[in-house]
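Once you've had a glance at the structure underneath, I'll fire off some questions.
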Amino acid sequence: MAVMDRLRRVAATAPVAVSVALGHGADAVLADLRADARVDVTASPRHATVLVVAGHVPAAAVAALGRVHDQVPAPRATVVVDGDPARLDLPAATATTRAALVDELVRVHAAVVTGQRHDSPVGPADNPVDWQGIGPHGQGGEGMMGGVPWGRPMAMPPTVGRDGLALDRLALVVGPFLAVLPPMLEVEVGLQGDVLEEVELRTVPPDPHAPTPPPTPVDSGLVALAELLALVGLGALATTAARLARTPDRRVEDVAALRRRIDRPWGLRLGTDDLDRLDLPGVAPDPTDRWRDWLASAASTAVGDAHHAPEPVATDEVAAQLVGMEVGHAVLTLATLRPQLAASAVAPAVSS
Amino acid sequence: MTGLAVDIAFWTFAVAAAWFGWRVFRTDSMVRATFCLLASFLNVGAIMVLLLAEYLGVAMFFMMSVEMVVMAIFMVAFMMNPAGLNPMEMVHQPRAAIAVGIGAAVGLGVVAVVADLPPAALLDEAGTIRALGNELMGASMLLMEVVGVTLVATMVGAVVLSSASGRYGSADTGSVPPLLDPDDPDSRPDLVSADGEGDAHAGHGGHGGHGGHG
Amino acid sequence: MTGELAAPHPVLGAVVVLGVLLVGTAIVTTADAVVADRVARRGLDLRASLVRPWRRIALSLVRPQPATERPDWGLWVLAPAAYVGMAAMAVSVLPLGTDWAVADVRTGIVVLGSAEVLAMVAVYLHGWAPNSPLSLVGAYRFVAAGLSFLLLSMFVLIAAALPAESMSLGRIVASQQEGAWNVLRQPLGLPLFLVVALSVSLHGPLDMADGTDLATGTVAESSGPARLAWEFGRRAMLTAYALATAVVFLAGPAGPVLPGWAWLAVKTVAVAVVLVWCGHRLGRIGIQRYVRIAWTVLLPLSFLHLAISGVAALA
Amino acid sequence: MLGAFLAVVVATGTTMLLVGWLASWGRTPDPTEAHWSTTLPVLGGHEPRVHAWNRFHARYYPMALVLMAFEMEMMFMYPWAVVFVEVGGRALVEMGVFLALLSLGVLYLWREGGLSWQ
Amino acid sequence: MTIVTVLLASAVLLGLGTWGVLSQQSFVMIMMGFELAINGVMLAAAGVWRFTSGGEPRGQVLVIVAMLVMAVEAAIGFALVVAVYRARQQDTTEGIAELSR
């Protein structure tokens, strides 16, 4: 056990593995966490030690937040930034401010790793669906497709597929706290293989009486760029982008330097050049042009030009464009629409 | 390795090959079944190495792994309930099958024991690969080219049969959805018949080919 | 160096192979941290770069592996074991010094190929086992890539066997010492093989199974020691393929003054650093584009490579 | 020769055992014993409606089938490579014809769109 | 390890394969049975080559041909499964029999 104790002490000094649950208007916190070397932002809550809840989480998303909270392996802890843990049904969570966040994370992480803190799961301990012992094998039902093994039904009956092969369709709702998606976005997909056959896109709107968020002190385009870079596996460059995003007086040269490193056929464009072009009002059709716009805007706001807020997009129109895409393509496409989707979450656009 | 070690290794591999071969048909999970078959192949490959057919044995590993990965893809694609979450028996005539299987094994076993094959040991244990190469470049040259033609025919046949739309129109014209319950002919879900929409682009190579329809 | 290479006792050989994988993983992990900090321009705190990965490993060891709703535990444990096992299999047939290998089998390149294909099986199982949608998509994505890069790696290795007149990797090194290094006489082979190395070891920009766009795909449901085992596998596989690259194209242990194993280590580390650097500068390519390029560009290139190597071997 | 393979088996087996031991450390063998809400797959907050284990539509199945036939040529190529220098130019021509033949199959696959997602 | 023991092992594999082919209903499982049987055949061929041929390379070619048969069978078999499924949405032999009426 002495070995484990020593390991725990070393582990307590490791970068804090953080899963970030983003509410509305939390870009600044995300940029802080990405830019800080004391923190590792994980893509899956399973890899995290601490869950960070940032921004305004509407009441409609509280149940989903609880499920993400439980997916962080125990022992776990939650830190809520500028919010009220009780409102989120996470009674054990720590509240802190954006300024003190990383220091608090280091402290909480050490406490979790050394066994001094553990937030209990908030979801049910047993599957609410009663399935055990029903059916000849305990699968919860009769017949080949009638069972509900482990409380979950068999796949939906096959429907007509895009290429005429009607295989099972996975019906999933992805989001609103999946790190690969823009914040507060729920994607309801019918997945056949790795292709999206049906897509419905929903944003979770802020609560009616939610406090108006203060103007974001970061450049949302650069935050979106950092997320896009992380999604194509360029985590180190994402750090650079996030650092630039939170530097209020960033220099044009720095933005240009970042652009030189990623805007090349073998850089970020290796991931985005191949994405399908989009036909949406107010959005550049070419996926690469969309992040080039973010860089251009970041360079111009640095020298004091007026900052253009992104136009909201109609989610059903975006969803229509996603049909038929491979999962990875769809994720990257949504990431290139991050500012627009954030805008439409607050002020939904009407379908044209 | 001495003769005894080789014997022990042989029996280990032989029993493992047979056991995995049996598990193939006794597991609920299709993925497990497929990779049990792979394990059976790997054990036979190991026996081949013990038989000094070094190249063939190692090539078994290589060839059969690829084949079983492809097999797994198709198993999971076409077997309902591929993980066996909801256990079921998908067999018919089980008794007859067992009888025939045992009969085949016993019959061949008797032949193996009774037949008096004249022993002739390997002349050149170190040169088996080179001999195979010279055979393929020499006497079996024609065989190799015939194999080439066969494989091309296989590839073309596989593409023609499996692709969504051939030059004679969509392959799924007139398709019907399956029965939800195999015993109940009325359980066919009432779905829109496949009209081939959405795969008109599948006949053109080279591009991702995703429109906004589907 | 014309005959078969000397071999240590099998048990000692296993220790050597494990040692190579562990040391290689340590070097790759360190290189990864240093390159990441350089690319991120985090300043030149080399000590922080060097210490951070070890602390992360300690963190993994003290974290638990959560269950998913209905996983296939057997396959979930088998997958990382098989994946690292295949890296070990690859290392065991590679010459590790001037005149010795753990196992200089005559069918070395076929064993290397088998290790690669079985590694594909392991990755597939790793994505299948947790019964999670994103992991499953990662597994299938990798199989698409695997079925595409397989042919490249085979053609490249067969081309290397041509001048050696043998499938033994020891002979392939010897033939390079007698003639020119393969990087010179088979110039197309090295880039093609690096593509294979990145793909099979799941490193960026070709990390198809564990991509961050799938919330890390097959590893998305893993935590703690199980995840550590998988990450060890990725880096061990990178080590094995960097080693194979050094042996097949850079004449492995050949070189003046220094002992053979030292030259091999230098060349391997150089290849590994190049691969790691690629991962931090190149974005992940989409799977459909990958498959298309592999079959329509890289496969014809590998035919050309085979022709060039054949003519060069006869000349 | 068998001694060399014994070494391969021992090295591979030892490594697999050790890593398997590491990977099985701290597993809960029975998932029903775990707190249920912690066992849901990672989807960002929602419960999946069905198990992930269903008939998965691999979109590249024509490519997989063609590969299965195509890789059979490897069986011939490895021994060919060993005797290549010995046989000389004839071997180059013969394998060239063989590969050219097989490339027709790949060409057909590409022309029929089998390389793009179905 | 003698020719008899090798042939016995291959007979067991062949018997298991036959049992699988006859008892399974689904196409893909039947193909697995075939492959297992061919597995036994390959083992027998390798054994005969080792113990009775004196190193005749054609014995090895026979094993390669058996592998080839397996690959062709699998490729065409799966393509047929796809075609049949596309046309009839069925993956079992019984399903086809019912629908042909």
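What to note about this one:
As written, the chain order gives the labels A, B, C, D and E, with residue 1 at the start of each chain.
Simple rule for what comes next: a residue touches a chain if its C-beta (ideal position, glycine included) is under 8 Å from a C-beta of that chain, and two chains touch if they have at least 3 such contacts.
It should be emphasised that the depicted structure is a prediction, and the values quoted were computed from it without experimental measurement.
The greatest centre-to-centre gap from chain E, using C-alpha centroids, is found for A.
The greatest centre-to-centre distance from chain B, using averaged C-alpha positions, is reached by A. The central chain here, found by comparing per-chain C-alpha centres with the mean of all protein C-alpha atoms, is D.
Taking C-D and A-E together, the pair of chains sharing more C-beta contacts is C-D. Put simply, the C-alpha centre of chain B and that of chain D have 14 angstrom between them.
Inter-chain centre distance (chain A to chain D, centres taken as mean C-alpha positions): 31 Å. If each chain is reduced to the centroid of its CA atoms, chain B and chain C end up 28 Å from each other.
A straight line joining the Cα centres of chain B and chain E is 7 Å long. For chain E, residues touching at least two other chains, in rising order: 64, 67-68, 71-72, 74-75, 78-79, 82, 85-86, 89. In chain C, 64-66, 69-70, 105-107, 110-111, 113, 128, 131, 133, 140, 143, 147, 150, 167, 215, 220-221, 224, 288-289, 292, 296 are the positions where the chain touches two or more neighbouring chains simultaneously.
With touch defined as above, residues shared between interfaces to two or more other chains in chain B number as follows: 6, 50, 52, 54-55, 59, 62-63, 66-67, 70, 73-74, 77-81, 83, 85, 125, 129, 132, 134, 136, 147, 151, 154-155, 158-160, 162, 164, 171-172, 175, 177-178, 182, 199, 202, 206, 208, 210.
Interface note: chains touch in the pairs A-B, A-C, A-D, A-E, B-C, B-D, B-E, C-D, D-E. Across the complex, chain D is touched by residues 1, 6, 49-50, 52, 54-55, 59, 62-63, 66-67, 70, 73-74, 76-83, 85, 125-126, 129-130, 132-134, 136-137, 141, 144-145, 147-149, 151-152, 154-156, 158-160, 162-164, 166, 199, 201-210 of chain B.
Residues 6-7, 10-11, 14, 17-18, 21-22, 24-25, 30, 33-34, 37, 40-41, 44, 47-48, 50-53, 55-57, 59-60, 63, 67, 70-71, 74-75, 78-80, 90-94, 96-98, 100-109, 111-113, 117-125, 127-128, 131-132, 134-136, 139-140, 143, 147, 150-151, 154-155, 157-162, 164, 171-172, 174-179, 182, 185 of chain B are the ones touching chain E in the complex. Residues 135-137, 139, 141, 143-147, 149-150, 154, 157-167, 197, 274, 276, 279, 320-321, 323-325 of chain A are the ones that touch chain B when the two sit in their complex. For chain D in complex with chain A, the residues that touch the partner chain are 31-32, 35-38, 40, 42-52, 54-59, 117-118.
Within the complex, the chain D residues that touch chain C are 1, 3-8, 10-20, 22-29, 31, 34, 36, 38-43, 48, 51-53, 56, 58-60, 63-64, 67, 70-71, 74, 77-78, 81-86, 88-89, 92, 95-96, 99, 103, 106, 109-110, 115-117.
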